[in-house]
């Protein structure tokens, strides 16, 4: 690593966000009884999604749709395409059953909102500009891969057995992918932010902006305990998935950074596009998969996205994708 | 007052199976159900309800004996292989036999 | 050790009926009760517990057989017509007959 | 509508508060699984009541009780009187049973704190001054109508059958009306604000003021889903109640505005008095009625207050009452 | 399909007794348990679950009859004297006798 | 009392924190159905512990460990020593069973984080400087007394009967005392604050500082209802414990103030050391005792710490310990 990159990793690891996450992991390692009540977890999730969506919508209103649509379209396409190459890898190299491979592939094409948010606070900490409307990319990347993953899984099951007895028909799967709570909240608050614009932001900045980074830190404390509790499952998922959960994000991160560059984003924006491509869903995708592909083993996709890829991204991945962007942009923002 | 014998079917399963199970219950003739979040430990590890993906629910259904048969058979065939789940039935007595 | 037969009366009803029901239980001789929030679906639509006005509770009472009779009769007469409610009783065995 | 009024309606509809509410309704229409856990709902309610009460108390301390008592008394009287004319209307025109008419009438005499809060942020957005101590009117208007409604219902039941078997005696009803949580919190925090005054406000403004408008928006998102879920009940309550839930607020709004004018309030203060008179309770009143008038059908009063009058006020009603005040005050604040 | 008779042991006790009780259940051969927070009133006052120190939990365990005996005896000896607790057993029927 | 002291008591009683607490007590007296859902209580506790720990850690980073270790060590030692003299008093004068005396003694050596926080806002209100790293004393005082209390209780039980059948072995008790959630959160966030330093504070001050005092007030409203509900137990615990719960804090308060003076703290810092010594635990200690000394009657220790000592400290105790410090420091800060 270059000194700059090392410095970026260090800076990221010393943000309250990353430290709170590690503290949460530590809580489970020392078997502390620290635990957030579920309603608190749900409340914090809702807050983070609303805040990021709302701010993104205001940013779109300020920048104009003309600037957003091209990178937005690219983001949606890459999200939907990721399962198309991760599926064969999981089948061929990972030797997963079709339905398991499809479910995991869907998770990696979809995105993690919290990883995205952590990346924006990292960029804020080191003072790098990014397009405020990048939250729109987050919003449009969540669903396509889920839908593609489900289609891959259903196709595989039709070829094998009648496993669909209890599974949802495709129609329900689509609805879940489009109106599941995280997608709905993101898209909905994007729209609200877009409509209420700068005036709306002024009225609510004391809630959606002022405490935002601290609330993220608190939430990551809880996510650290969730991830920590799943560390025990690492043994069960096998070495392949461990490697997959680290290597695939690196490849997708580079891909996303490149895409951001090609669609005209700034250094910070390309970093965020890299982060999104590299991240794996752990809210929308698991819920949709459990409903639509109940024969897929949730231990595989939950462990890889929550206990491998998420911690990797939140600590080391984000500054790495930033480093890739730095290199591509010739070291100058 | 007369008491009418009925069956109480109790199901403990993953929160994410909720829609599937309640739809099946309605199909099999249950007039209603009651549901709440629980934590649990079993063969498939502990489900401590920290986030929905690992949460557990308990569903209770009051039904006539034949419906209880049908429900348990259906759970056994379609749900046990796919979800972390236990289910059992017991005897209860209700006041309004036409309600269930 | 000896086990003593008792009745478990289970009531599912609106959260806002809580005070009325628990007061009636005490009047009819219950030594205590256990209560928790539930969601449910039944003849009067779904009570999904989003806010107290539409929330549901389950109440469980361990009582001697005679008290179970009295409780169910009272529920049938005064509560069933007014509240979204189901109630049933089942047989259980306890260790301390003097406690209930 | 005059251009000014149209502009006011538009301004209100584009506040984050109104948009979040509509987003919540939309969530139920598209059958999204978005749902706030009950403890979050309760927590937000407690926050809003404490913040509004506390700020009102500080404002009373700053303005002096001498300025508050007259409009406060008027507010309490009109609240208690409203059921006296809505009851016969519901009986005669609506053909409701006595106990149902009494319960509904009690709801419309009482008030909705959230509607009041939304009105204050509307006035804030368009830059219209209002008396900070108006929260005191909210506090004193909550109980009287509930008590009157219960008395009307009990009287009717005594005349008909022995339906009171499980109903609470009047004493309990009074206690519920006076010490139920929303009344208690409002009155109690008014007192706390009054006692701790400006110094207390300085210490806690970072919580009771800074995030206030954003928290209101988030809460309205949840209330939107609650209201949306009740839309299905609209068919069951009949056309009369639909009309009642829109027309009666308009009449009471005009009445309240006039009363504010007569008791010396500013344009903004009179608007708030109009909003309070026009609003219907959906927290304190339902709880009290279910306990004290269990024979009243809750579908009627909950649907009319939550799914008709509340949405009407939050979107169109508030700017209309403001328009009435504008007209009365000669167009100049 | 065959149904196998089992026992359901239900325990209501203080939240702070949780670890003790679940450890004892595992020692006595339970294959799992289900647990949720409840409120309650009984001889030792009301436990309204406002804070953990005064909170209540309900634990349900499906076990073979002999294990139910052992569990109830153990609760009676070691737990009843020390914790606010009630416990009882009832008859249920399950589908997989080897699971419990 | 001197006029200065009276003024301090008055100032403390008029802070929103103290007034919200009294309002909570009042809610139970008038039998209002006001009640915070448990997840809200847990969430507020987590917030307060994280905020105080984080700020303390940042303060240590800014002051340097060299300044903190001596008073920190003194604090830990006095905490662990307090049960050694309160135990014989409870046995001899109070005639408590050994296991009950041990459990109560452990509570009074340990500390109440909320009392500490209320004291910092009191000092803030009257404008008295205190060392920001005092939160470190809070963190190190929580566990030692719990461990000593448990050892005293176990020793007593070994001498009497085989009561340990269901009790945890010492090892588990130690783990609970060290990794129980409140100790873990305090120590962990101290470390996080220390590592992320001033930059981390800047990023998260909008959450950990801005709303802090208001959130404390809201939390005290809930704690007021908890304490109020236990007032009925006062009769059951007897007069001795009532006196104990007021007199012992006064003695320990003086002791703590003196210790702060001797270890070089400022007037404000010595006040806080007094407050910590005087306070009794009601989170960590009850959980540990119920597990490790199940034969101790929880009514004794919960009532004395929650319904006697906590209300006393929050209203009158804090200004008294400040008065003691004022006297010791010659009346000038």
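Miscellaneous remarks
When the chains are written out, they are named A, B, C, D, E and F in that same order, and each has its own residue count from 1.
Here, a residue touches a chain if its C-beta (ideal position, glycine included) is under 8 Å from a C-beta of that chain, and two chains touch if they have at least 3 such contacts.
Being a predicted model, the structure only gives us computed values, none of them experimental.
Identification of common neighbours of chain B and chain C yields E. Taken together, chain A and chain B share no touching chain. Taking the mean Cα position of each chain as its centre, A sits at the greatest distance from chain C.
Using the average of C-alpha coordinates as each chain's centre, F ends up farthest from chain B.
Our note on geometry: chain B versus chain F, Cα centroid distance of 46 Å, whole angstroms. Centres computed as Cα averages put chain C at a distance of 19 Å from chain E.
Chain A and chain D have Cα centroids separated by 41 Å. Across the assembly, chain C contributes residues 36-37, 90-91 that each touch 2 or more other chains.
Multi-chain contact residues of chain D (touching two or more other chains): 35-39, 42-43, 210-211. Chain pairs that touch one another: A-B, A-D, A-F, B-C, B-E, C-D, C-E, D-F, E-F.
Within the complex formed with chain B, the chain A residues making contact are 35-36, 38, 41-42, 165-166, 168, 222, 225-226, 229, 282-283, 286-287, 290-291, 294-295, 298, 302, 306.
In the complex of the two chains, the chain C residues touching chain E come out as 1, 3, 6, 8, 22, 31-36, 62, 90-96, 99. Those residues of chain E that touch chain C in the complex are listed here as 10, 12, 36-43, 56, 58, 72-73, 75-76, 80, 86-91.
Residues 14-16, 19-20, 23, 26-27, 30-40, 43, 121, 124-125, 209-215, 217-218, 221 of chain A are the ones touching chain F in the complex.
Residues of chain B that touch chain A in their complex: 14, 16-17, 19-20, 24, 37, 48-55, 77-79, 82-83.
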